[in-house]
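Shown below is the structure under consideration.
In this document, chain identifiers A, B, C and D correspond to the written order of the chains, with residue numbering beginning at 1 in each.
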Amino acid sequence: MCDAEALVKSDNSDHPANMIPALCAKFWTLGWVTGTGGGCSIRDDDHVFIAPSGVQKELMKPEDIYVLSLSRTLSSSSRVYLRSPASYKPSQCTPLFLAAFTKRQAGCCIHTHSHWAVLVTLILEGRGESVFEINNIEQIKGFGKGFEKTGNLGYHDTLRIPVIENTAHEEDLTEFLEEAMDKYPDTYAVLVRRHGVYVWGDNVHKAKTQCESLDYLFQLAVEMKQLNIPWISDIPKVKTRREREAEAAQQ
Amino acid sequence: MCDAEALVKSDNSDHPANMIPALCAKFWTLGWVTGTGGGCSIRDDDHVFIAPSGVQKELMKPEDIYVLSLSRTLSSSSRVYLRSPASYKPSQCTPLFLAAFTKRQAGCCIHTHSHWAVLVTLILEGRGESVFEINNIEQIKGFGKGFEKTGNLGYHDTLRIPVIENTAHEEDLTEFLEEAMDKYPDTYAVLVRRHGVYVWGDNVHKAKTQCESLDYLFQLAVEMKQLNIPWISDIPKVKTRREREAEAAQQ
Amino acid sequence: MCDAEALVKSDNSDHPANMIPALCAKFWTLGWVTGTGGGCSIRDDDHVFIAPSGVQKELMKPEDIYVLSLSRTLSSSSRVYLRSPASYKPSQCTPLFLAAFTKRQAGCCIHTHSHWAVLVTLILEGRGESVFEINNIEQIKGFGKGFEKTGNLGYHDTLRIPVIENTAHEEDLTEFLEEAMDKYPDTYAVLVRRHGVYVWGDNVHKAKTQCESLDYLFQLAVEMKQLNIPWISDIPKVKTRREREAEAAQQ
Amino acid sequence: MCDAEALVKSDNSDHPANMIPALCAKFWTLGWVTGTGGGCSIRDDDHVFIAPSGVQKELMKPEDIYVLSLSRTLSSSSRVYLRSPASYKPSQCTPLFLAAFTKRQAGCCIHTHSHWAVLVTLILEGRGESVFEINNIEQIKGFGKGFEKTGNLGYHDTLRIPVIENTAHEEDLTEFLEEAMDKYPDTYAVLVRRHGVYVWGDNVHKAKTQCESLDYLFQLAVEMKQLNIPWISDIPKVKTRREREAEAAQQ
């Protein structure tokens, strides 16, 4: 086995080349990567593992995975692949995944075509808006506070996910994704109008659970819209007995 | 194997340390524990088995489980863990599970973030109401009549599930959950506004089937709302032939 | 192994005692038998195999199954069980299943709590109606023409499923189910208001595929209602080229 | 093993006789082939493999598959089967699958009863329309540009899927399907009013991923309708930085 092939061969189910097919198979059942749409990339130090373009996501195998050197790609004018599958093309999502890895030191980035995400961007389009905002929902706690910050968002915090307009060619999204990252430095996701969402995290666990929480919130938001319930509310903070007693003692 | 580890090692699939991962994996497919949300705890006599915080629920393993002594925890000022996993934190749901075990002698308590539960609390919020009420639906028979009572609710009975407001910190919910238990002594569940639901039962079977029945009713209730069908109805009791004949004979 | 136990022990996956657990596990994933609701019975000549009451349907095992003699039950004043599980109670659905076996010579009867079925009965209740009618949908072809008739319904035929009112006790439904069978002799299903549906067929294959087709139609009907599309339509029959040419030749 | 049986026996999971059952089982979980509805056919050079009529799609086995010679069927007045299963009838979809193979050189054709497809035809019926049109949705890129053309549709392109009226007998659809293929030579799918959809592709991969993408779009279209969002929009093309700079330089 030559060195390049060793990059995608491992008995460890946590190895990125095994993880990406397992994750994509799970995402397929969730409707996130229907019809070869969407994708997933994992960064292991300098190695970036990427699902190829046009593959049926629930049937992917470790040998289908590209491996790219992040540092050598950044210091050269084109992508440096350490390992390429025989019969595929690189994913058009590649520069978008790289943006999450280089600008946010992410360890994993997931791209879904979830129709909840698409519907949220369509609802916002009807309002002329380019940021999804929701607060006072417990699942918001599933998100970190932001880049290089510790801890998670709280129940009363407003989760904000910027929306960028879709481009004819997926690679052209990169500059707009980077702009959105600059404008919303603490976001872990960017919605793409009429297309889907990019979600990242420090590692696979965080990217995947943030992606799940976000899809949960998008679905809830669409259902709230159908029931005429606003996404942003002004809910008074509940006071515990101790807080009420402390207040009473002060007066 | 030291004593502590023996608490979560068993070949018996019904052992709580095997049961919790199996249940949580099933709940994940139902959308109840998305993105590390929700949880599950089983009490076996004095031993309380609890899923840890922040774990991907469909990937949990027996060795991830905490075991706590109920009696020693109750008689001391802090929780007494008989066994703790190496790399997790205790669930914030712990005091809420303990409330079900101590105040209701429950054998199992399940916490879901089911979006049907959340939507029901949002619909009720719009009406300024804090109790979910539904009657004349067959699935209501899936609930016991209440604490220390025998038998189940009937088709014409009204199922009432109180709603408590969500707190910024999950542990702070405990006093309000306990208050709701006191106010509705026969309930097997408490809804948490914009958050989810806690459901318990005398054993795993009852907690799980009541949780399923309740999620079924929440989903039905949301769909009824979308079709403008009220949750509470006044349906005349159907008389059987024998009852009609008996009435005729009396007149 | 005593004779009674032999009735539920077989290596053949098509044996009713193996079939019922396999079917019920599948039905659970479809949301038909949530929270111990619903059930399934298979008749093999004189032997009637029935899932017990109150069991988690996706966890059922062959040894949980009751076996009843149909002829001996009919000729006596009470049910004659040839084999009973140790720790369960007979299903309250038993007399309803028996009605399908005796009045319609069915080989299998399925009872679901599918919320699509319940919603259809609720929509009809709002209109003061007691029969579900739909026509001009391809899936209608999935139904047989009726008892002792050969062939299936056509695309333009109207499928009619009667609705009976729910009773406080499930067994009391029997007389109303039988009445509905008498009034609609060709139906393979009876809806129960606010409860679910009973579907039968000559054998497991027919009962199961008719139950699937019906659930498909109930779901479609609810979605049509939400889009203001009527269930009954007057669609002109499409003429094939040959028919058009034949007509032209005649004129 | 006689020659005919060898046609459906292979250890290769990519063999059409193994592929069709695997695909159909997957389609069953997607709700595409409920209650024996729908079907699938694969062409391997001159051999056409077809699922039989009336089979439970998730239970199909390689030995249930028909094999037909395409050339000998075309040059004779009736279908020439090289291999027939013992206990089934040929699918009524057969002439429709053959149309895709002969008129479009397709390698695989899938027929679903997906209720999203049916709902789209019902919404269009209400508008008196016979073609489904959608643009400016990323998933549109999942479709090839058309017969004997290379490349895929773009984001801003309009996907057009013709709708034909359903006939009482499925085989009678053939002439209308062929008419639609002639009128829309680049379509890879034809919707059938109140029935479902036929989707094909050069090979299994393309037929299946186009079918998934189409079902995704049908579902999205129904949800857009419920939210009053039109299917056709006039979205300005986003200009990249380079395009904006080039324009500025020209002025």
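In this text, a residue touches a chain if its C-beta (ideal position, glycine included) is under 8 Å from a C-beta of that chain, and two chains touch if they have at least 3 such contacts.
Remember, it's a predicted structure, so these values are computed and weren't measured experimentally.
Listed by label, the chains that touch chain C and also chain D number zero.
The angle of the rotation superposing chain B on chain C, based on CA atoms and rounded to the nearest 5, is 90 degrees. Although chain A and chain D carry the same sequence, what matters here is overlap: shared residue numbers make up under half of all numbers found at their interface. Chain A and chain D have Cα centroids lying 31 Å from one another. The distance from the centre of chain B to the centre of chain D, with each centre set as the mean of the Cα atoms, comes to 44 Å. Multi-chain contact residues of chain D (touching two or more other chains) are listed as 226. Chains that are in contact with each other form these pairs: A-B, A-D, B-C, C-D. Note for the complex: chain A touches chain B at residues 136-139, 142, 154-156, 205, 208-213, 215-216, 219-220, 223-224, 226-227, 229, 235, 237-238, 240-241.
Looking at the complex, you find that chain A touches chain D at residues 31, 34-37, 56, 113, 115, 118-119, 122-123, 126, 165-168, 172, 175-176, 192, 194-196, 222, 225-226.
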